[in-house]
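Paired with chain B in one complex and with chain C in the other, chain A is shared by the two complexes that follow.
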Partner chain A sequence: MSHAKPLGGSIFTPAFMLCLVLFVIGMYFLGVRFTDGMGAVANINGGFPWGIWVVYDVVIGTALACGGYALAITIYVFNKGQYHPLMRAALLASLLGYALGGVGAFIDMGRYWQFYNLLLPWHMNFNAVMLEVGLCVTTYILVLVIEFAPAFLERIGAHGVLKILNKMLFIFIALGILLPTMHQSSLGSFLIAMGYKVAPLWQTVHFQPLLALLTALTMGFSIVIFEASASQVAFDLPDETSLLSKIGKIIVGLLLVYLVVRFGEIILNGKVGYIFAGDKNSLLFLLETLLFIFPVVALLSQKMRQNSRVLLWAAVSMLFAGSLYRFNAFLFTYDPGPGYSYFPSVGEVMVTVGIVAFEIMAYMVMVKMLPVLHKEAHA
Partner chain B sequence: MDRRTFLKTAGAGVAGAACISTVADARPNLEPAPEAVGMLYDSTLCVGCKACVTACKEVNDMTPVDRGDGHIYDSALDLSGDTLNVIKVYSDGTAAVKDSEENGFAFEKRSCMHCVDPGCVSVCPVTAMRRDPLTGIVTHHPDACIGCRTCMVGCPYNVPQFEYDNAFGRIHKCQMCNQEGLERINKGGMTACAEVCPTGATLFGPRSMLMEEAKRRMELKSGDNYNFPRGDISKPESYHEKELEADYQNHIWGEKEAGGTNVLHISAIAFDKLGMPPLEDRSYASVSEGVQHTLYKYMALPAAAMAGLTYVVKRNKDNHDGEE
Partner chain C sequence: MQGDFDALEKRLGISRRDFLKYCTGIAATLGLSTSEAIAMAEAVAKPKKRPVVIWLHGQECTGPTETMLRSEHPTLERLILEMVSLEYHQTLDAGAGHQVEHLKELSMKENAGKYLLVVEGSIPTRDGGVYCKIAGKTMLAHTVEAAENAAAIIAFGSCASWGGVQSSGPNPTGAVGAQAVLPGKTVVNIPGCPPNPYNFLATVMHFLTFGTLPELDSQNRPKFAYGRLIHENCERRPHFDAGRFAKEFGDEGHKKGYCLYKLGCKGPETYSNCPAVEFNDVGGGTWPVGVGHPCFGCTEQGVGFTKPLFSLAEVQTHTPPNAFPSIAQREDTPGMSAGAAAVAGAAVGAAVGAAAVVSTRLGKSDSDSET
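Let's look at the complex of A and B:
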């Protein structure tokens, strides 16, 4: 039995109303997409078939939703039970992030009315990364629903069902670790098939899956820190810094591995020249690298890690670093050849903003109505 | 870190490293289909009349649209949801001399290259892109397609194009005039663009014969006379004799690029100037499938990982539940 409690309180706060407005605007543009075709809203074109709906909503959105995944590994594989209090909130954010990633993928599907072909064995192409990602993400969303179900069952007092579910939960927890490991690394494999269109600093045949997985994990841990700090301020909750500082230590370790692989690959393949080329790509690379290095430096000492402010800044930097890495690889430095360029339209951005606004609204409502967060201090 | 944790961490690391290091044994490129057909486009013969563009629109039922700007024919700038074939122009400086890189101009045909090891086929999750096992023609099947547009990012030539202006749009690409309902090749005919080409710049035929022809032309020098066939190289409708005005580049595009293509190009101008992409011999399909299959080894690895995870999670979860 968990000690989490619904926070209660009013739902229609100013923050909620602001999100609602953004959501409604997004839905308007989404409507246009369905009546007049994707070109009426999005600036995607013959050379840039994937715009921010794929790259932000799916590729980055799901990485930002890796908190549940990252914590599950820590708690259940590395046997660190003390992180339990953070788990529910992380699971909720993961569920919302992934569900909306799924929605993003669906609205971006040019022929969404045939989406079920993905599930028909005689259509499946097992060579395709997209098949694996599609199936894995769909299954993982269901797994997240089941993993989060206890919060709902506790609330409605369905203790019988809860007991049975608790006995079986370990299977879903294991799935909830396996599936993201698979599809988060596969997001990297997408880049391999894009070949020369991906700029040299981001193209590496052998390490693409590993880099994608490492950034997903670090982003997952960072979002746990970010959410915990943000909820603490927003909902006036007890300080979790001692727990979060240990997560900071994990992030530093993962980031060091990431940086060694990333730079090792660049040096071994003789691509250092691109870093100092002084063009758009080299600037983006330097910015991305700075954002990756900041958390390492900031969190290196035990003392700094105990400082909740430093911790939050480091987490935010890491979230930007991981997002920029994926934006750079999939979009900002993507070059399909002469004659094509892409910059998202207002409508396109508003659809994505609307989706994120919905995510925030749902989170605020759920923590008020369901036992997700902890009101007493612990650990 | 106690010993057990250390072992576990080390074990995970080794497993991960094993996955990554075996990635190198990707499969080799696919070989050309046994009865591969294709086209040979000779840029030096092309006069830029765009008869092939019009013919392509006609047979594929993409009748020219009047876009309200007074144009009665559609001379599209690039491939799109309603254009499967375009003739592009390279020009430099005064653009006075044909087939000269400096102060010259040249034409280039852009349509599906019908890759020997097609990226679009490899990345499509629902097998909506298919390579014909006999002819090697790459076809598209909208009844399967979900519109994810991975074929567009996976095609090195940006060939597949989606109808963005249609709420119920589909992917379009050149299917060598052999899609269901048209089937010009199955019926013993040739592609419409080759049929109408007045100079034989676009020549249809079996890939092997086209390759031999291309190699013969590589041997020619400017000033030589050569008898160029028109239509289908296996049964040419006519020939025309012409004196070569420029030397060919010693490069048959499509012999090796990314595993080769069934549509071959030759030219007097370097292909990067004509807008061809920077490709190596290895097909991206072979590399990415190798990585994917090594990581998943037909699901054996994920299954084993799942078994291990389930065990570890159950033990740790029981521990934690007991503590509470």
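Let's look at the complex of A and C:
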């Protein structure tokens, strides 16, 4: 039985109301997308069929939602039980992030009413990366619901069901580790399928899945730090810095592996020249690399890792680095051929903002109503 | 009926099964049903008297006769010779000279109003038709004379149908088709260079079975064979519609079997059933376009032997544009609008700002706990 408790308190805070306004604006544009069609809202075109609804909501959104995955590996694979207090909050954020990633993929589908065909085995194309991602993400959302179900069951006092679920939960925890490993690496494999359209600095046929997985994991750990810090100041919770600093150490380790693979590939394939070409791509690469290196440098010493502000900024830097890495590869440096250009429309951005606002609203409501966070201090 | 077929087996030296198969095939060419195929079989199996055929040759290469002889299964030409009584045919007659000419005259007199006249080759008309003479008489006189008492007249091949290659400019002999010298008579035209033997056989069988001619179009061609443009049934048509063309012989598109329209294929303005019936009974794709050569419009007056081989056809259905519009819109994609840039920037700014707020308050709580 967990020691988490519902936080209680007023739901309609100013922050909630602001998010609600943004959500309503987003829903307006989403309504236009369904009444007047995709072209009425989104700027996507033949060269850029994937706009921010896919690249942010799905590719980046699910990476940002890897907190539950990252912590599950730490807690259950490496048997580090002390991180358990962070687990439910991370799972909640993962559930919301993935569910809305699924929504993002759905609204971006031109013929969304055909979606169910994805689930019919006789319509499956087993050569498609998209099938793997689609099925895996769909399944993982269900797994996340089951993983998070104890919080809900505790709240309604369904102890009998909870007991049964706890006995079977290990299956879903195992799936909750397996599935993200599969689809987060597949999200990288998308770039392989895009071939030469992906700029050379971001195209590494062999390491795409590994790089995607490493950055997704690091982003998962970073979002745990960010959420814990934000919840701490927002809901006046006890300080978790001691736990978070250990996560900081994991981030440094993962990032070092990432940087070795990334730069090793660039050097061995003779692409160093692109870094210093001075064009848009090289500048974006340098910015991205700075954002990746900052957390490593900031969190290298034990003393710095104990500073909650440094931890926060390192995590934020990492979140921006991982996001920029994906934006760069999928959109900013993506070159589908002469003549094509893409920049999201106001409506597109507002739909994504509305979805994020909904996530924040749902998070705020759920931690107040369900046992997710820990009010009292722990070791 | 069984007995009739037994007699036929003896008479023609083919099995009953092969014979019925042949009749069914002919009926299918005509677009007739199985029961009508049986009627055809009966008409052949128990002839009251085999209809007499008089076959004239004018200015031509004997292509239609060649195609008749070569394109059949071995037993079929025997069938044709047994089925009808071919009393005069300059290429196939065993006899020669005055003897055959005399027999022809006798036969025409004896079978007046009952015989079938087949004209092969064009008929020169300039200078009284002196440019083609048989047995001292012009082809013009032969044709008019034979047509006088014929039950039906079939012009076999493009030359007989509308003049063929000889009628192309400057046309020194004034060559015309059979219909042009036989005003007031119905001449069934089976054009083609060479014509498809099945179109001829099917027409003859129709006449033998029902005593009437098949439905004809405005140029007196049987509709079952010439009712549609080659373009409509062409196996390369999807390439035309998709804008995939061979641009020269042996190029990539040609090797891939793309549409031959840009090589001058006249399929889009030529009426014939070539893509459906094909030639020589050897299987799929055995017709000019099928083997990679553009159709030159041999069945169509004013197209074959008239238009240059490689000039573009006048498409009767619809003409493809020189360039198809791109599926993708490359230019004029909406760029970065000021509003969108502001909103996107605000979103990123809000994320950084939120981190800054959290950071400040974290610092505050840190210093609070230190004090």
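Rule of thumb we're sticking to: the second predicted complex is superposed on the first by the 379 of 379 C-alpha atoms of A that agree within 3 Å, B and C clash if a C-alpha of one lies under 4 Å from a C-alpha of the other, contacts with A are read in each partner's own complex, and residues count from 1 in each chain.
Definition applied: a contact is a pair of C-beta atoms (placed from the backbone, for glycine too) under 8 Å apart; a residue touches a chain by one contact, two chains touch by 3 or more.
Remember, it's a predicted structure, so these values are computed and weren't measured experimentally.
Novice: Have a look at chain B and chain C on chain A after the superposition and call it: clash or fit.
Specialist: Partners clash after overlay.
Novice: Classify the contacts of A:Gly46 with the two partner chains as first (chain B alone), second (chain C alone), both, or neither.
Specialist: A:Gly46 contacts both chain B and chain C.
Novice: If you stack the two complexes on chain A, which partner ends up touching A:Val353: first (chain B), second (chain C), both, or neither?
Specialist: second
Novice: Have a look at where A:Tyr342 lands relative to chain B and chain C in the superposition and call it first, second, both or neither.
Specialist: Only chain C is touched by A:Tyr342; chain B is not.
Novice: When the two structures are overlaid on chain A, which partner does A:Gly264 contact: first (chain B), second (chain C), both, or neither?
Specialist: Neither partner.
Novice: Go through the superposed model and pick first if A:Gly273 touches only chain B, second if only chain C, both, or neither.
Specialist: In the superposed model, A:Gly273 contacts neither chain B nor chain C.
Novice: Taking the superposition on A as described, I'd like to know which of chain B and chain C A:Gly31 touches: first, second, both or neither.
Specialist: neither
Novice: So, does A:Ser189 touch the first partner chain B, the second partner chain C, both, or neither?
Specialist: First partner only, chain B.
Novice: Among the partners chain B and chain C, which is in contact with a greater number of residues of chain A?
Specialist: B
Novice: Look at A:Gly9 in the shared chain and tell me whether it touches chain B only, chain C only, both, or neither; answer first, second, both or neither.
Specialist: In the superposed model, A:Gly9 contacts neither chain B nor chain C.
Novice: Of the candidate stretches 205-213, 277-285 or 313-321, which in chain B collides with chain C after aligning the structures?
Specialist: After superposing on chain A, the stretch of chain B hitting chain C is 205-213.
Novice: Under the contact definition given at the top, report the residues of chain A touching chain B in one complex and chain C in the other.
Specialist: Shared contact residues on chain A: 45-47, 337-340.
Novice: Once bound in the complex, which stretches of chain A touch chain C?
Specialist: Result: residues 43, 45-48, 226, 229-230, 232-234, 239, 307-309, 312-313, 316, 320, 337-346, 348-350, 352-353 of chain A touch chain C.
Novice: If we count contacts the way the header does, which residues on chain B are in touch with chain A in the complex?
Specialist: Those in contact with chain A are residues 5, 8, 16, 19-20, 23-24, 77-80, 119, 122-128, 142-150, 152-154, 156, 158, 161-171, 258, 275, 277-279, 284-285, 287-289, 291-293, 295-296, 302, 305-306, 309-310, 312-314, 316-317, 319-321, 323-324.
Novice: Chain B touches which residues of chain A in the complex?
Specialist: 1, 34-40, 42, 44-47, 49-50, 75-79, 81, 84, 105, 108-115, 117-118, 120, 123-125, 127-132, 134, 166, 169-171, 173-175, 177-178, 181-182, 185-186, 189-190, 192-197, 205-210, 336-340
Novice: Inside the complex, what are the residues of chain C that reach chain A?
Specialist: Where chain C meets chain A, its residues are 327-331, 333-337, 339-341, 343-344, 347, 351-352, 354-355, 357-359, 361-363, 365-366, 369.
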